[in-house]
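Structures incoming, each one as structure tokens.
Two complexes follow with chain A in common, the first pairing it with chain B and the second with chain C.
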Partner chain A sequence: MLKKTYDWIDERLNITPIWRDFADHDVPAHVNPANKMSAFVYCFGGLTFLIIVTQILSGMFLAMYYVPDIVNAYRSVQYITDEVLLGNIVRGMHFWGASLVIIMMFLHMLRVFFTGAYKAPRELNWVVGVLIFFVVMGFGFTGYLLPWDQKAYWATAVGAQIAETVPVLGPYIKTLLVGGDILGALTLTRFFAIHVFFLPAALLGLLGLHFIMIRKQGIAGPL
Partner chain B sequence: MSDQRGKEGKQGLTRRQFLNYALGGTGAFMAATIAAPLVPFAIDPLTRSSGGNFFDTGIAEADVKSDFPLMAEFKVHRKDGWVEENVKVRAWLIKDEAGQVLAMSPICTHLGCQVAGSVDASGNPEPSKDGEWWFHCPCHGGRFTVHGINDPAKPPQRPLDVYEVKIEGGKVMLGNLKQRKV
Partner chain C sequence: MGQDFYRDRIPGTPRFREKDKKKPIGSEPFWPNFLLKEWIVGALFLVAFTIWIIFNPVHLSDVADPNPSGYIPMPDWYFLFLYQLLKYFPGKMVWMGTVVIPGIAVTLLILAPWLDNSKARHPFKRPVATTSMILTLLLMIWMTYEADVQHEEALAHLPKQVDKSAMPTDTALVDEADPGAKIYSASCAGCHGADLKGSVGPFLLGIGNKHDAAKLEEVITKGFPPNMPAGGGLTKPEDIKAVAEWLGKQKQQ
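Let's look at the complex of A and B:
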């Protein structure tokens, strides 16, 4: 049945070459853990992506119940945690996954650094990787505020004041970040929009570039 | 995939098939691990039962007439996610031919507007101005008799919904809303 459906579509649209082109590529011996166990370090990038995918999924589901508003945010998070079926698990996935993305991304970066994989001709991919790093940090900073509890509020208060210390531009950056003079209603909606619309768009675009470049250039050779 | 298939006939698995199954199985397992908490999370509303409680209308059974309906306005405790509140609900009460209290919801069975009863300026029921039709919907001209039976020539195609009725200490108590047959 599945095969027949696939064949029917393939006959008309000839989709096989498209995914073949995408899926078929050589995995060099030096990055294959089956040959040498220590090659597992080459998995960090893929693992980062896997966790990012679960972050996107769990985030989509959390958005079914979460409300980005100062009156309801905390209570909706409380509702997710205490009342929704497996809500604690789904929130937990997003919570622990957030830290895990940063850890895996950092390990991936260390691997690229110590194997010298960032060197010519792959400098541009390193640059894109650093941009991804900043975007992920942005996810962490904006997502931390959303539960709207004491920890969230004061962490953002501190973050906003750190931004304010930038010479000359500081106060303007802080106003833009907070959405006004007060860390409150406008900050929460602003951070929510950045967290669920702007940053995901930026992240997916950058990840696309990251993957196109590594596919085009291939994985760096052995040490 | 297709070019390799069937070469070996039915004798066991080809290497390619085995690898496809192994990879597909691993992928499916990983996807299932992620989906396992997400799907129950999304279908949580299906696990919640609504209502079941009866609410006091504050109207004595003896006050319900059999000629014209009487409007009852009462509070119902509603839990809407993390918001719990007492919402005002309306019902029209009348005694049917058997002398049982019939509690009709004023929500039109066409598209959910609120139907108006035929009442005078001070809110007391009065005979309808167009014969048997006592409730009129302001939206699409739906109309109903004093017992909530619809005019089939108008958009609403079933009678007004009714509340489950329980008489407790002479007071009319209302429960869940039920649809009536056409």
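Let's look at the complex of A and C:
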């Protein structure tokens, strides 16, 4: 039955080559820790992706309970932590995962840098990687405000003040971030929208490019 | 690299793959061999991560209060080096820390493949790239550490949060016409509250239950440096005595 369904789809769309290319490509010896333990440095990229997946999943579940308005945001986070079944685990996963993504991504970037893997012909993939880094920093900055506690509020207030000091454009950047004159209801909905719609869209697009490029070009050879 | 450096067959490679002599030794197909191992590593990693989460619950601080307060803001740890950078460019020069230096760093990072464009890939054969990255890293680590130290220092200088859990429920002041009450409202109410309920300083309701006037006079004269100066801002000993006598009468329960 399953086989028949697959054949039916494959006849029409010819999907076999797509996943065959992905499944059958050879993983070279020098990146495989099963060969040589020191190759573990090549795992950081994959681990970054794994944590990004856990971030997306835990974020989706948090969004079921979280309410992005200034009256209820704090209470909804409290509710998630104290009342929801395993809520503290899911929130903990999202909270600690945020730091872990940064750490893993940074280690991945250092590995690529120190092994010179960004050299021709892989320059474009490096640029996309740096853009992913900034998107992830954006996730950190916007996500920090969402619990609407003192820590979140004042860190964002300082962030907005810092943005304001940029010559010429500063006040506009601040308005764009804060959504008005004061950091309040509009800021929270804005940060929420950026955190759950704008940035994920950007991240998934960039990750797609990152993976397509690495599949096309292959991993850089041994040093 | 000598190919005999690797084992002939690596764990997890099926026998039928071995006759494929065209493939370089040690390489293995992504599916299922490599992915299986990745899966195992990923699973172990997630178990460790979950254990960490269970033993390190996340706490909320108090609900956001937009009124300017004594709260010392602190960004998340991975922004600390940027935050610290701003401190080196105070006042009008701050744009150096917000735009110029991060801008240069970001540009260098994005353009790295074109700046470091030799064929060599080994880090020791690219001394400029390697050295500058290591120096940048050390600088970032040091600035993060410094930001943390300075934040801890700032916290230590913050007046302690006043604990009001033990405050008497009876809040009626005793003998408001007392001369000591007038001196109190002029010099002490700023920190301890006009109604003795405390604000920056601790509440003083029911203080007469704990100390008598003589003891209070002694305490006020000494003060609690650095939060409360000696004499509590009062210079004349007779003022201190008057306030102490009035406070000694406050026996609210």
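The working rule: the second predicted complex is superposed on the first by the 206 of 223 C-alpha atoms of A that agree within 3 Å, B and C clash if a C-alpha of one lies under 4 Å from a C-alpha of the other, contacts with A are read in each partner's own complex, and residues count from 1 in each chain.
To be clear about the criterion, a residue touches a chain if its C-beta (ideal position, glycine included) is under 8 Å from a C-beta of that chain, and two chains touch if they have at least 3 such contacts.
Here the structure is a predicted model, which is why all the values come from computation and not from measurement.
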Partner with the higher number of touched chain A residues, chain C or chain B: C
Which of chain B and chain C A:D7 touches, first, second, both or neither: first
Touched partner set for A:T54, first chain B, second chain C, both or neither: both
Partner chain(s) touched by A:I182 [first = chain B, second = chain C, both, neither]: second
Partner chain(s) touched by A:I89 [first = chain B, second = chain C, both, neither]: both
Which superposed partner A:A193 touches (first chain B, second chain C, both, neither): neither
Which of chain B and chain C A:Q78 touches, first, second, both or neither: both
Chain B versus chain C as contact partner of A:A63, first or second or both or neither: neither
Partner chain in contact with A:G116 - chain B first, chain C second, else both or neither: second
Shared chain A contacts, counted only where both chain B and chain C touch the same residue: 50, 54, 78, 89, 93
In the complex with chain C, residue positions of chain A that touch it: 22-30, 32-36, 43, 46-47, 50-51, 54, 70, 74, 77-78, 81, 88-89, 91-93, 95-100, 102, 110, 113-120, 122-123, 126-127, 130, 137, 140-141, 144, 147-155, 157-159, 162-163, 165-167, 182-184, 220, 222-223
Residues of chain B that touch chain A when the two form their complex: 2, 30, 34, 37-38, 40-44, 47, 81-82
Interface residues, chain A side, partner chain B - complex: 7, 50, 53-54, 57-58, 61, 64-65, 72, 75-76, 78-79, 83-87, 89-90, 93
Sites on chain C touched by chain A in the complex: 1, 6-7, 10-12, 23-31, 33-34, 37-38, 41-42, 45-46, 49-50, 52-54, 56-58, 60-66, 71-79, 83, 86, 94-95, 98-99, 106, 109-110, 112-114, 116-117, 119-123, 126, 129-130, 133, 137
